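Before we start, here is the structure in question, set down as structure tokens.
Chain nomenclature is as follows: A, B, C, D and E, assigned in order of appearance, with residue numbering initiated at 1 for each chain independently.
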Amino acid sequence: MRIGVFVCHCGSNIEGTVDTAAVARAALGFPEVALATDAMYTCSEPGQDAIVQAIREKGLSGIVVASCSPRMHENTFRRAVERAGLNRYMFEMANIREHVSWIGKDREANTNKATELVRMAVEKLRRNTPLFSNKFDVTKRVLVIGGGVAGIQAALDCAEGGKEVVLVERESSIGGKMAKLDKTFPTVDCSSCILGPKMVDVAQHPNIKLLACTELKSVGGYVGNFQVELRKKATYVDWTKCTGCGQCMEKCPSKKSEDRFNERIGVTTAINIPFPQAIPKKAVIDPASCRHFLKGKCGVCAKVCPTGAIDYEMKEEVLTEQVGAIIAATGYDVFDISKIGEYGAGRYPDVITSLQYERLLSASGPTGGHIKRPSDGAEPKTIVFVQCVGSRDKSLGRPYCSGFCCMYTAKQAILTRDHIPDSQVFVFYMDIRAPGKLYDEFTRRAMEEYGARYIRGRVAMVYPQGSKYIVRGADTLLGTNVEIEADLVVLAAGAEAAAGAPALAEKLRISYDPYGFFVESHPKLRPVETNTAGVYLAGSCQGPKDIPSSVAQGSAAAAKVLALFSKDKLESDPQISRVDIKRCVGCGKCILTCPYGAIKKIDFRGEPKAEVVATVCQGCGICTSTCPQGAAQLAHFTDDQILAEVNALCRF
Amino acid sequence: MTSINYSNRFDANFVRMVEEASEQRLSQCYQCGKCTAGCPCTFAYDYPVNQIMRLVQSGQKDTVLNCKAIWLCATCESCTARCPNNIDVARVIDVLRHMARREDRVAISEVKKFWDSFLKSVQTNGRLFETGVLAGYIAKTGRIFTDLDLGPRIAPKGKLSFRPHKVKGQAEIARIFERFNKGVIS
Amino acid sequence: MSVLTGKELRIVGFLCNWCSYGGADTAGVGRFVQPTDLRIIRVPCSGRIDPLFIVKALLNGADGVLVSGCHPRDCHYSQGNFYARRRLEVLKHFLPVLGIDPARFEYTWVSASEAQRWQKVVSSFTERIHKLGPASRLENTALPDGLEKRFAAIASGELPSDGKAATRLEELKDRIHEFLPDLDIVIGWQRGFDALHNTPLFMRSAEDLEKLVWGPLNIHNTATYLPSLRGKKVGVVVKGCDSRSVVELLQEKLVDRENIVVFGMPCSGIVDLSKIDRALRERGTGIGRVQAAECGEKGVTIKAGGQEYRFAMEEVAADKCFHCEYPNAVLADHLIGNASPSSSNGKISRQLAAFDAMSLQERMAYWRSQMDRCIRCHACRNACPLCVCKDHCIAQSRDPHWISQEDTITEKLMFQVVHAVHTAGRCTECGECERACPMDIPILAMKRQMNRAIRELFEYKAGTDPEAVPPLLAFQAEEKNIHEGVL
Amino acid sequence: MTGAKFLSKEKLLDWLAELGQTRRVFMPVEEGGKIVFRPCTNGDTPALVRDASASPKGVVFPSSAELFRYTKTKARGGKSSMELKPGTEFEPALIFGTRPCGARGFTIFDRVYTGGKFNDPYYRAARENTLIVTLACEGPENTCFCNWVGSGPDDPTGSDVLATPVEGGFVLESVSERGEALLESPLLQPAEARTAEADSVKSRARAELPPARDISAAPQSIRALFDNQKFWDEVSSKCLSCGACTYLCPTCYCFTITDEDHGDSGKRLRSWDNCMSYQFSLEASGHNPRPTKAHRLRNRVGHKFSYYPQLHEGLLACCGCGRCIRSCPVSMDIREIVLDAIDRVQAKNCEVVHE
Amino acid sequence: MIKQLAYYPGCSSLGTSREYDMSTRAVCELLGLDLKEIPDWSCCGSSPAHSFDHSLSAALSARNLALVETMGLDMVATPCPSCLSNLKTSSHRMQRETFRDKVNLLLDKPYMGSVKSMSVLQALIEQVGTDTIAAMVAQPLTGLKLAPFYGCIMNRPSEIMEFDDPENPTSMDRILTALGAEVVPFPLKVECCGASYGVPFKDIVAKLSGKLLSCALDAGAEAVVVACPMCQMNLDLRQKQLAKPAGVNFEIPVVYFTQLMGFAMGLPESRLGFDKLCVSPALLLSRTLAAAS
């Protein structure tokens, strides 16, 4: 074997604290190393060309690059090696930047460590064998979980790309949080005007199969061949017959049931259609407040329904779908203000969240667009907005900034001044975060044109006094505390991970951060991909973001899926396990421990043997560490290869 | 407000001492003002709480230790309870009082005098002798009219005793103060 | 290739690619300063880490080994770290048995975003290893004198008893006779080359049946032959401990239940021939000169070199019999009478106690002295009923090349670790490995310690329930008794 | 041949220490209930009550010996060269306390390693520099059958000096010239009267030995049964095919050669191997001519009692020490197999017995 | 089984809040809560001490905790929130080795840190429970509208005090409801009454306490129920001083919750000390008696 070692300076990132020339000199002395040089930027084009040239001229059969993390540029160099005609797996990397040069200044120790890491890489490379991926066909269908604006955009783009889409939405209608908005910043254009048509497109698009009131039950298989189980909840209304006429809603006697769509600011009937532009516009019975389920009598809706769509005996059903890719667009939840004692913990009726206020502003809301105090229905004159509620707050475990509260509060201030011209609007803020296009100008309009009074300081306490609410805040610019007697207090509650997001992450086998948001493959370079091939992210499920970013990520995720499906056959990752039929004694331990069921028992000349299904194996290596006699070996991470690295460190 | 030249009037030592004594990292405070908002006595202060924190952050030792606010603080823990960054603000203010007293810069003498007579009574009797404290305070400040109006309201209740309630272990309490004053602990 | 002497120690890291390797990267990107000792080996998943890698490193020069994977429930392959947690926790309990300080090995969970936590993990672990100093090498640990004596006669206690041993044999022969026609083979024991040595008997015809004997000299575990006779209809006569091996083979589906017929005999303890040999040598003769021997339940009378010697059962019984909980077959198609179990008062056998009393240094020295006379004949492996992969064992394989042919004690001990780790959670302490060793090396002590760790961690005893899955081939999302070291 | 000498029991260690100045002296010592040959360090007492558990072959033919070391060096311009360094030089040795069967084993080795076409330098260097002082047996153990193979409790073959234990000491008789030199030591006195006593000890030992069975028909019988799979299946049913018997056997001389490399340098090792293990006859293709333990047992018994005798004028490659019987985990008895084979062939009295 | 508790009365129990101490002892005795007074207890130093120096304040508190250790008990109850705050903060800080050694240098007998301190209110809730209290009620306070006032340091900071909700405590509310009274929603439950500034700065107390009383009146309360000697003094004794800044001539009784408990359980007035209050609740109590019968 003739190995080429390339030690990268990475500008000064590595050269700053590692003597790369010394590492190269030492590497020349390693077994089977034919060439060892150091280069300024190995990952740059000239850098890569130098490698290709060296392979061709010197007839090298393996390359070691000592530079940054393989998680960063392993594929880059593998492609370069492939360009030169070598198998892309005859390549190893030594991470001498993130694990060496960046974590310490001791040049002598760093150089010695880098040399040893190169030695380990060379020893592993000497045991590498060319690997060839084989092809497997792809189910060119995509599952989009979550029907918010991001999910809708992703579904539409994929459908437009000619691929079949299964859009799954937990609630009875798509639209997510945006459907609950009256207007959107910074253009103050009506939310349902821009979202409604997209929702209709989803309903009418031939390629999109919309499944509302449905949740993901389980995911099996792998990229290109996911088997997905979906749990369709019982709506107690047969949607094939329901025309959405709304008769049942008018006649339903139980008027006090919880109105989840209107954020519990109003009440609604047990059987209801969340909002006029709902897609699908079908009724759903809430068993928690329907008298038929609670007391066993009633049945008014069954009587009045013109198409006889009511079916109390409806049961939950499980559907299965075959898809090739999954886009998670499950959005976020509003921070639960009952956790903040000093603002009344949700006990005071007129201390509401911004989304509840948005429902009051909305024409399709419980008050038909007239701002009324939930307590007595009176029109509030002094309205106080409190920013950073449940955001930028370590004591509540939410140290991050939710990003879009400053903007929607400015919008709501403007709308309030529109709805009630003689109203007094105060906004307690710490810093105005308005980074987008026309964003800052929009907040300035709220202050300059609409006279919203912005007070720089946080609110310590809100308590009722008579019919008013004393908001005790501070004005740090003035350098004192301030009190306002408010009629209505709107808390700009921040965004937190959707309830159940961690459970969904575990089903999709993607990881989530301490707050429950899904973790992307790379924060800057791969924001919509995850570490699990074939699973993509879009919208606030990956972190709080506003509508433009969510839509952009919806399209980005769709683009990724379309790129995935552009190839007829997908190449399987060749780093999978293989069973040596000579050594296998058929003890079945590997079959028992394989998380993916990727190993099956075969009969070989009368003796039981194990055999790995190439396409199902994900390359975790559990079977390799379980097989006592080393019959199962994970390609590229075989026992010998890892032992070579251990021996490089410990034997000599 | 005097303008500040950070290079020569920034007392880094002071900042470090406050952080060590209060075991709080002052850099965590992003000046949101919630402590000032919640503090019941802001109206009586020369500098509101968040400005005191800002002054400490920027090492303005003299301004802080000479200010009146730290003596008017009622130690009601509202600021600590509600700080979004979990800073124990009340303890920082406590530490500032310790430092101010040690350098004998007490902006409001009445409070110090009241507390001194309180501690004197504890040192001598082991338990608080309420009337004694009031008498001591009046003697020290010369404000003979303090709570004169309350005299007639409380006298008939028979709650005020005119003799201190000595504690058998009084000597031990005295020894505590003595050891403390002798600087047994640095 | 070595660490900077005086400044660094050899610390090997095994990091899972998806979480901890990413965490280490993020720590690098965040410029979180860390000591330089750690060298990181990237593996796809913590489930890929075979505990033997860690022992191989620790025995060959590593001063510390750090393993880090994804947090439970957050594994990219969903189950890898669950298996890893069990295997690595068992390893942590096993290292002190070899005399390796368990503090030199730690496993923890770090996600890709926890840069600061990774800095803390590396710094505190490196500091801990520096406090411990360089690891002592197996090759040059001096043997403190007097260590040998401690393990002389160390077993005591009460033996199971069975009253009517004599009539049992006839009843057994009738029962076998009845079933022999539709069985290819029935395995039992017959008299061997001298009065004290029985030998396994493979009965194929009625005439073979005559040679069948029963008594304390039936020391071999008949279940050892079952895996290789797979596919044939086999009858097997079993003592209590043998039956546990049969159950373990059933648990792992290495034999088919419908192809074996188990004849359970009540057992009142078997003899340990090396104890008899030692006793006879003390009396000037030896086991080689035995002319006649007559074994009853109460004891053994031996005629050797013209003289008669009488030994009570307590003096010569095998260690495992003193705490025997299963004198009757755990599973049997035909149970011929039953014996009353000995009061296995559960106190750990004196061998374990003696072992616990030794310091780490002494234990390493002990194994160094014992393994020195190992001739690598692998009789311990071939006698073990669970070692079904003896023909392809990694002890003699070049690919994967775990053990070399070099004549060092480290390589010899490495095989014993391989055997202990591979039988962890499976070994029924039948003692065949120790009995088969021609050099009389007490290797069962290692498996006993491993079994104690398995009992403590998983409240599990091998070979007692045919339906149970061996603990290291399964996992729990929330482990009851495993509390990962907090680094 | 000079006269026999007498060595008193008390002077034994001194004599060994004296010999120890010029060569490494090995003697049987007890370790953990077994007796192994170890270089004698002061303070050890030899265990001479019975034969050692392990055979003395380990001194001359070590379980793993370094043949040579190699280092690959790279010159400039990518050309690389290989440098060889011979393995450790064999230091002269002396084995004291082996029994006649142990010593006889070496003669079986000699015919293979130095006697025939091949001349193994490593073995020759060891064999020529090793003196063997054999201790005659006073009485047989159950597993002894040296008289079956033409040896005996006082068989001097392969030894340099034969020591016979007598009252209070040993009578040393030199067997080879090299043995002569050994007897000059001042610690020894002329034995005169004691030789008679030694002879009586020898004859008594011979008498005690149970009468030998005639196994001269063994080579032909075993060859006849070569294809009789049923016989070998039955005979090998209880065998565990572990190989303990071969590593203890004084006449088993098979080995394997492996290269253990550490990066660019490494060493070539010759280590014991045994035909009972599956890997011994495993071919690169994965085919194994001796896949089951029956085949392997047939090879072990056949080699000792049939193939070797054919090549070496009928000399059985077994010295009857009985170690394979004593140490077998399942007490296989090679005598029983050979006798069974002979009876089986006589009953059928034809060349090849298939059934 | 109700554990035995050490009892730390606090200095004000000898003087300004004698009625709080009397009613506490009477009620606890009736409910079987065995309070063993710490022999020869001394002052905890209250705010003056911890404003002077933390180790001195800890030493003064630790002396009492050490006495509890010698009594062989591991729990101490105190009616006064200021004493409770000092006891808990000191023992919390003394969990750290370096600080504990520093404080023990000041003491004759070192304190080992094994005592858990709690308020009498917490002891009643946790050891006795509202059901037992409700069962013991002889004369329910029907029709009596009460505003429970907890004061600022009874439950704050929550990491150290570890009892009830720091922003919206409900323990006293539940007791008063158990006694049959009607608890009016009182938003300023945890606002500061001005504490020890009564003497040097009357106007601060007047402003703060005035706001409290006016808020109580707005909420429709007929009496304010307190559990802190300092709050009681500022709201009751100084009630007249509050009139000027608030512009309201207050005449609202300020009662200890233990007094009301005693009354509701039929304890004689002599053991409850209603007479010691400045604004007498007698009128209200007689009305509830009439309403109850």
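Note that a residue touches a chain if its C-beta (ideal position, glycine included) is under 8 Å from a C-beta of that chain, and two chains touch if they have at least 3 such contacts.
Since we're looking at a predicted model, the values are computed, not measured.
Touching both chain C and chain E, which chains are there?
Shared contacts of chain C and chain E: A.
Taking each chain's centre as the mean of its CA atoms, which one is farthest from the centre of chain C?
Relative to chain C, the chain whose C-alpha centre sits farthest away is B.
Return the chain pair with more inter-chain C-beta contacts, choosing between A-D and A-C.
A-C
What is the chain whose Cα centre is as far as it gets from that of chain E?
Centroid comparison gives D as the farthest chain from chain E.
Please tell me the distance, in whole Å, between the geometric centres of chain D and chain E computed from their C-alpha atoms.
Measuring from centre to centre gives 95 Å for this pair.
Chain B to chain C: how many Å between their CA centres?
69
What's the distance between the Cα centroids of chain A and chain B, rounded to whole Å?
51
Can you list the chain B residues in contact with two or more other chains?
43, 78, in rising order.
If you look at chain C, which of its residues touch at least two other chains?
Within chain C, residues 391-392, 397 contact more than one other chain.
Which chains are in touch, pair by pair?
Between chains, contact exists in these pairs: A-B, A-C, A-D, A-E, B-E, C-D.
Could you please specify the touching residues of chain B with respect to chain E in the complex?
Those residues of chain B that touch chain E are 40-41, 43-44, 72, 74-78, 80-81, 88, 90, 94, 97-98, 101, 108, 110-111, 113-116, 118-119, 122, 126-128, 130-131, 134, 137, 146-147, 149-150, 153-154, 157-161, 165, 167-170, 172-173, 175-177, 179-180, 184-185.
Tell me, which parts of chain C touch chain D in their complex?
Those residues of chain C that touch chain D are 148, 185, 192-194, 197-202, 204, 220, 224-225, 274, 277-278, 281, 284, 286, 288-290, 370, 372-373, 375-379, 381-383, 390-392, 396-398, 404-407, 432, 435-436, 438-442.
Residue numbers of chain A touching chain D in their complex, please.
Contact set of chain A toward chain D: 28-31, 34, 123, 582, 647-648, 651-652.
Within their complex, state which residues of chain A touch chain E.
Within the complex, chain A contacts chain E at residues 340-342, 345, 347, 463-466.
Please name which positions on chain C make contact with chain A in the complex.
1, 3-4, 7-8, 10, 12, 17-19, 21-22, 24-25, 27-29, 31-36, 39-45, 47-50, 53, 56-57, 60-62, 70, 73-80, 83, 87, 111-113, 231, 252-254, 388-389, 391-394, 397, 399-402, 422, 469, 473-474
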